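Labels A, B, C, D and E are assigned to the chains in the order they are written; within every chain, residues are numbered from 1.
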Amino acid sequence: MYDKLWLIPLFPFLGFLINGLLGKKIKNEKVIGAIGTLAIFSSFIVSCKYFLQLLGDSQKVHEVIVASWMTVAPLQVDWGFLLDPLSGLMMMNVTGLSTLIHLYSIGYMHGEEGYYRFFAYLNLFTFAMLMLVMGNNALVMFVGWEGVGLCSYLLIGYYFEKKSASDAGKKAFVVNRVGDFGFLLGLFTLFWSLGQKGVWTIRFTEISANVHLLENGGLIVTIVTLCFFLGATGKSAQIPLYTWLPDAMEGPTPVSALIHAATMVTAGVYMIGRMNGLFAMAPDTMMVIAIVGGATALFAATIGLAQNDIKRVLAYSTVSQLGYMFLAMGVGAFTAGIFHLLTHAFFKACLFLGSGSVIHGMHHAFHHAHLHDDPQDMRNMGGLRKKMPITFVTFLLSTLAIAGIPFFSGFFSKDEILWWAFASTRGHWALWLVGAIAAGLTAFYMFRLVFMTFFGAQKTDARAKDHIPESPLVITLPLMILAALATFGGLLGVPHVLGNLVGHFPNKLEHFLAPIFEHTQHLHHIEAHGSASTEFSFMAISVAIAVLGISVAWVMYCKNPQLPGKIVAKVPKLHKAIFNKWYIDELYDALFVNPTKRLGTLLWQVFDVRLVDGLVNGVALVVRGTGRVLRHTQTGYTHNYAMSMVLGVVVILAIYVFN
Amino acid sequence: MELLQLFFFYLVAFVAVVSGFCVISCKNPINSAISLVMTFFCLAIFYVMLHAPFMAAVQIMVYAGAIMVLIIFVMMLLNQGSEVIARYRHAVTGAFIAAVLMLIQVVVILKNGGVSGMVGPNTAEVVESVGHTELIGQAMFTDFLLPFEIASILLLVAIVGAVVLAKREV
Amino acid sequence: MSEHLLSLMTFFPLLGMIIVLMLPKNNGGLLKGATLVFTLITFAISLPLAFDPIFKTSGGMHYTEFAEWISVANYFQMNYSVGIDGISLWLVMLTTFIMPIAVLSTWQAVTTNVKGYMALMLLLETAMLGAFISLDLFLFYIFWELMLIPMYFMIGIWGGANRIYAAVKFFIYTAVGSLLMLVAIIFIYYSAVNSGMDISGFSIMDFYNLSLDPELQKWLFLAFAFSFAIKVPMFPVHTWLPDAHTEAPTAGSVILAAVMLKMGTYGYVRFAMPLFPEATQMYLPYMAALAVIGIVYGALVAMMQKDVKKLVAYSSVSHLGFVMLGIFALNTIGISGAVLQMINHGISTGALFLIVGFIYERRHTRLISEFGGLSKQMPVFAVIFMIVTLSSIGLPATNGFVGEFMILLGAFQSELRWFAVVATSGVILAAVYMLWMFQRVMFGKLDNPKNQVLKDLNLRELCVIAPLLVFVFWIGVYPNTFLEKMTPAIDQMIEQVTGKAPVVIESVVAPVQHHEPAVEESPAHGHGH
Amino acid sequence: MITITHYMVLSAILFSMGTIGVLTRKNAIVVFMCVELMLNAVNLTFIALSSHLGNMDGQIFVFFIMTVAAAEAAVGLALMIAFFRNRESIDVEEFSLLKW
Amino acid sequence: MENLVQIAIPNINLASVMPSVVLACCAMVLLLVNAFSKRGATAHVAGLSLLALLATGVVAVGGWNQTQPGFSGHVVLDNFSIFFTVVFLIAAALTILMSDSYLKREGYPVGEYYTLLLFSTVGAMLMASGTDLMTIFLGLEVLSVSLYVLAGFFRGQRQSNEAGLKYFLLGAFSTGFLLYGMALIYGVTGTTNLVDISQFFQAFPSALTNPVAVAGMLLMGTGFLFKIAIAPFHMWTPDVYQGSPTPITAFMSAGPKAAAFAAFMRVFMVSLVGMQGTWTSLLWILAVLTMIAGNFIALNQTNLKRMLAYSSIAHAGYALVGMVAANEIGTAGVLYYMLAYAFMNIGAFAVLVLIGKQGEENLTLQGVAGFGYKRPLLGVLLSICLFSLMGIPPSAGFSGKFYIFAGALNAGYVWLAVLGVLNSAVSLYYYLRVMVFMYFKNPEEDFSWIQLKPGATICIVLSVIAVLYMGLLPSGIMSLARQAILG
């Protein structure tokens, strides 16, 4: 039935192999692009088949073991895949978006050196991401988990000749590794603690079937989940490990769209969803997750306020949105979290691709005019809506979605999160408040972005002004599809209150994911309780906040463009802090990076060379030195030799006769 | 009688020690050599006192007669003048201290230990009656035949060696 | 034939050495070719071992050979006693596998005294193989010491600028440890004799049954452990390694890293621990602590190195710290991981040294600062370097991950839990130093004019490194090929050390389940790798 | 009564004096003479003991010691002559080509 | 005069000294042959002396397992003495093999050299087979007097003069102590016969603690230790070894040392076995001191002969460890080690003999720079000898050390064994340094003056073969050594 599930990751892998090994020989960009895209598309088709099959299947959880991996009693790890609603959804998400972005890349990456490399990496990424979401045990997930990190590293450092790019790639990998450290520790602890109860396993199904053996809310569970959460913060760019994501914008834009918005960064959320049974047992961890998520949402949003690089704004926005997802997971709104994951994938991918389209155009123009202006700096843009209409429209739709304007996808998902944050048994009003403020800020900076880019006067250098083209169809087609999804995707999970309003429009997503989350939520009494009217009023408040944010943006960046400058002049220090990302990177450098380097140097040059090796050489020196001293007893004078004999005799007699 | 013997012993011993001291202290090697001969004579007297007249004779013939003559001859040949004793005073002091320590040790050892009280067949009376030379000869050619033969080899070696070393050309 | 397979395999290189010594001196190609053929034949001889299914079922010694060797009535009996079990099997295979690669890697690097070099390589192979298959402590010691000689000359004659210091240091440092071990070996023998045990020679199989006084064991263990720790090398007796590695010629570094360092870890598994079980338990935390310090320390020091080879050398300290931790986890997972990691380290670090050799041959420098942007000029090299780097970092689906994971998991299941936690941080540091190095060498602008004319890898170099890459993924994806043959032997070893059989717990499925997963066996099962 | 101890103490004194001579004298011939003095001290011991024990072995021993002394004298003096030919000296403190 | 009638013709049992007699006679014949030979033509003398050694060897080995006492208990030809005899003969033969070309090169082609060498071998053999202090003393003197001459053999060379004279003066000095010790033992026991002494001590155990006996033992030990070159009586060694003609140095390091060991072991383990507690504790300390003195000072040497001299001091220390152990394996180990050392050390010296130019100024570390490249075969052979001296398996040196330290461990001297192996670790440095210069430095000279004369070549090759044989298959010789000490 589902035994060909392994085909899904296989296709991208084949694509990777073909492009990676032969790409250099093929040379023809079209062929390379086609191979890459087709590989993903095939995988998408197979995914669709199985997904549909799953939809119609009453049995919702399927495991397929392909081969064994490590077998050492009591450890048994297989190469196996798991298909259940959650992984099915992710699988669809990944393959679908990936197909679109591959398509987009054909146009976007045109003419780049190492074109084949890009597609190979992208294919590899998709493969890894599929392993991540489809793995039936924690270790296969970890393969994908690290695999996507690797691809992220490779793709961020795609322009490896640029130091900032390779730095960013390395940073991404290392920070992710910090998270992986947590993941591994969590895994070890889990394996051990379950093993103590007689269940040696790392298979998700068995884990969730046996977690009840552990003490509910106990220390072990808390430690395990905290460790896993540390892993999630690394991958999903949460406080404290978020710093790599904004830097990751050094990669080509499709990469940002696919990896750093739609798929990889959501892995943490997915992982928590995958192990919801375990996390639900640790309320303390859940609280930590919610707090971290909320804080990240707010914190990243503040930084997003003052960035001028179009992609950086989107990057911080991503961090912020991921924060929402964690907030959702933290308050037990698993479905909402996954929902937001999906809608965010749609609109954020669209936003990134749209920004890519803009950059593409700007780059084209600057190139044409032989200018070296930054094509990503929004201060060089403005008024592009006329030059790039399709891009503008799709971008605007997605922005509306992210801002939470009613009936766009973002509205439904974000609103449900905020509602749960307030009303969940594990929620708190403060969490809601943080989320709401962040939502307002999001609306503000997103529209700031839109206004600065597409509205107002064209601030582009006059020489380049007239050479900004609309992107080709291969670029705009994915934009349009994504914009459509961003607009209507929310219908997947219409909240009950709204659904009831129009006559039992079901929350399809919740229903679909019920086999995964329902049991947990029941078991741990996680639910959002509140009257419909309360829910409505909250909805209204959040809409109001969003509108407020948009309006402020409109006032500041359309109506009265001098205003921002004035505000900045009033609070220069604050602005500088925000602009410089609250100096967190500098702080980390000072706290971790530099001390580690200094420690390394110290250990090497002082401890290792002087002390440890010095001791070794010192022993040798002492021995030789002793020899050199002793050597001078051999004076060559017969008298001395005779004397030594006599003294020897005297001493020996003294010792042995008069002992 | 015994007192006289004792006195005589001390007298000879005194001479032996004094001449021994001259050996080590005379600046002129010839004087040292003469003193050494003196010591040898004293020892020969002791040998007689110890009922070993043959050894006394050998002592005088071999030591005083042969070896010392050889030494003096070489000394003359090399025509060495007198010498300062040693370059370093403290070396001399050290040597004295070491040697005196050794002496003290040996004396204390002798005092504490003493030698075997066993008396073999060749008591003074037997020696008197049989004759010392006879006894020596008897022992030498029966029990000590091998050492005697080895001694001959040793002397041969010494001759060959001396010739090899001392001749002027190859 | 098969009853003398091990001897044949071990002494065939020696025969090769004699033949090589008789070949004309000036024909470098012939000498290298002959040596390559000899090492390949040795590999071929050893291949049947790898396919023998007996290792899957039995943890004992197989292919044993026994011959009285030195026998002095009432004093000593030393035997030529060899055999192989699941643990030594893979180390033997690693040796025979690495040797042709090492020979091939010298094709252009060694131009002077080719004959001597080749002869030493073959001698070294015999010594290493002999050490892995010896079942008699005395025999083992002889091979163990014999290894030093060729390596000493290889470093000293064909090494870098500071080669003399490195060679002498290597020799003396290692010998100090092994001499103390020799004392301990003799001591055990007498303990066995005095205990009235009926022993034939220095057979470890007999010594395993010896119950020594724990107080005594402590000292003996220390002697063995010290000797092996130097060879491993464990912190703080590691300082010979960076010097030796840096100065050795490429093939020397490869063999040193890939095989000779394993002697130390192998020594713990085969000798130090099973012979002195009580002492092992006693020193367990200390050894684990040193291992963990080695992991972190090696990584931190490696991070700041300016010389690529030194960096790799220090990374070995770190990696072998993992191996030691796994060994002292004293459970099947940990030790299996450790043994696997020995092979992994051989492959990955061997490959890294080859890679360093490739660029050294081109640029005659190993300073990181001399490079930069090589990816552009040498794309194939870049890919291979990247793969090897990742394997060294321990990326899942490469060999390094499987080993490290099992080691850490094993250590976590044992009482070394907190050590495992610290050790796990090693995976972060590994990424830091390796990627930083990779970045500085391969990425950035290609602005050094000397680097702008570099040629990518040629066919020979690809042939040298390709087999290693195969195993990088093979072990990463399907380590069971190796694991299934080593676990019986490891279980037996654990039983010897802990006095009880390792607990094998069947997975107990909890009674309460809210849904039954439908497990479907794929038809691809079993040949999915 | 002259006891054996008298002789032995006397010989010990002579032996020590010989030692002092060896340790202090510069002239190689004198050094050798001091060695002879030591040997003579031993001879005295042997003969005294021999007499005391009523046993000829000691005297025979002395006989051989004398032979040895003669042989050594021959060889030693030859060595000194050879040395003197090259160095114009037989000062033991000149023996310092070989050291350290 | 009726006493004369009582003289009974003693049971001489000529078989007991047959090897010595054969060799001594041959030596005397050689003296005559030499006298009638042309000046400077010494090759046939060398050849004849080899034949003499061979004949002696055949006679000696023929007596294996038949203990032949003779000369009223003055001498015995037992396995112990035969084993040592063979060691001396081998040392002498190897020395002679390398000597001929050497003597010609150095300008002293004198036939008496061989005679003296043979006589010194006779002396050594008598030491090893003597069972009476007198015999041992006379053997020692025959050996020493020959060696004084041989050490100073190059009478035109200042170094050789100095070596000979130093050796002579100090040797004579130490003889004084030896004799004094013997006198004291004689005084206590009333006999000089080793068996009688041991019987005396068995009969009167209280005499064992008699200070005179202890002092006698110690003083006598001093004399032997001087010959073995044990600290603090070792100081003559480097000077004498350095100054002597190189083959003689080689011989001295192997033959006389073994002879002194033989006598020392026989005296101490047969006669003075009752004082074992005292002398083992003394030798324990001295062994350590010796190893340290030898090894540590050798580290700083640049002259190869001098370095090997220090190393021979250290090796004497190792061998002494076997005596400290004083058990079967340890003592057998000493025997084994003596033979092994003869081969490896003489092998090394033989190569040095070849390397040296006239006057041997170039026998320094710098002088062998690049030697391994220019003369690869010789280089390998020298390296094997050096590895054996280091005690790296599989070589004779390793097996020897193994047995000795095994003996020490079996007797419970763990720390002694540990110090021993640590010392041998120290020794690695200076041996390795020779190889550093041989292989790791660029040649400064082409070593074209080296001519592989058959004698020296055979000497080296034989040594190396023996070194490897004793390393790989030591059981045969070890069994012989065992039989030797068990009588």
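Convention: contacts are C-beta pairs under 8 Å (C-beta built on N, C-alpha and C of every residue); 3 or more make two chains touch, one makes a residue touch a chain.
The model shown is predicted, which means the values in this text are computed figures rather than measured ones.
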Greatest separation from chain B - chain, by CA centre: A
Most central chain, judged by mean C-alpha position against the global CA mean: C
Inter-chain centre distance, chain C versus chain D - centres from mean C-alpha coordinates, in Å: 66
Whole-Å separation of chain centres (CA-atom averages), chain D against chain E: 25
Centroid spacing, where centroids are CA-atom means, of chain B and chain E in whole angstrom: 30
Chain A and chain B: spacing of chain centres that average the CA atoms, whole Å: 103
For chain A, residues that touch 2 or more chains besides their own: 620, 631, 634, 636, 638-639, 642-643, 646-647, 649, 653, 657
Residue numbers of chain C (touch at least two other chains): 172
In chain E, residues with contacts to at least two other chains: 134, 138, 141, 145, 148-149, 152, 155, 164, 166, 169, 173, 187, 190, 211, 215, 238-239, 429
Every chain pair in contact, whichever chains are involved: A-B, A-C, A-D, A-E, B-D, B-E, C-E, D-E
Chain E-facing residues of chain B, complex: 105-106, 108-110, 112-116, 118, 120, 130, 134, 138, 141-147, 150-151, 153-154, 156-158, 160-165, 170
Partner chain B, residues of chain A touching it in the complex: 639, 643, 646-647, 649-650, 653-654, 657-658
Of chain D, residues touching chain B in the complex: 1-2, 4-10, 12-21, 23-27, 29-30, 32-34, 36-37, 40, 43-44, 47-57, 59-60, 62-64, 66-75, 77-82, 84, 90-91, 93
Chain A contact footprint on chain C (complex, rising order): 169, 172-173, 235-236, 238-240, 297, 300-301, 303-305, 332-333, 336-337, 373, 375-376, 379, 383, 390, 395-397, 401-402, 405-406, 408-409, 412-413, 417, 420-421, 424-425, 427-428, 431-432, 435-436, 439, 442-446, 477-480, 483-484, 487, 502-510, 512-529
Of chain E, residues touching chain B in the complex: 3-4, 6-10, 12, 17, 24, 28, 31, 39-40, 70-72, 74-75, 107-110, 112-113, 115-116, 119-120, 122-123, 126, 132, 134-135, 138-139, 141-142, 145-146, 148-149, 152-153, 155, 164, 187-190, 207, 210-213, 215
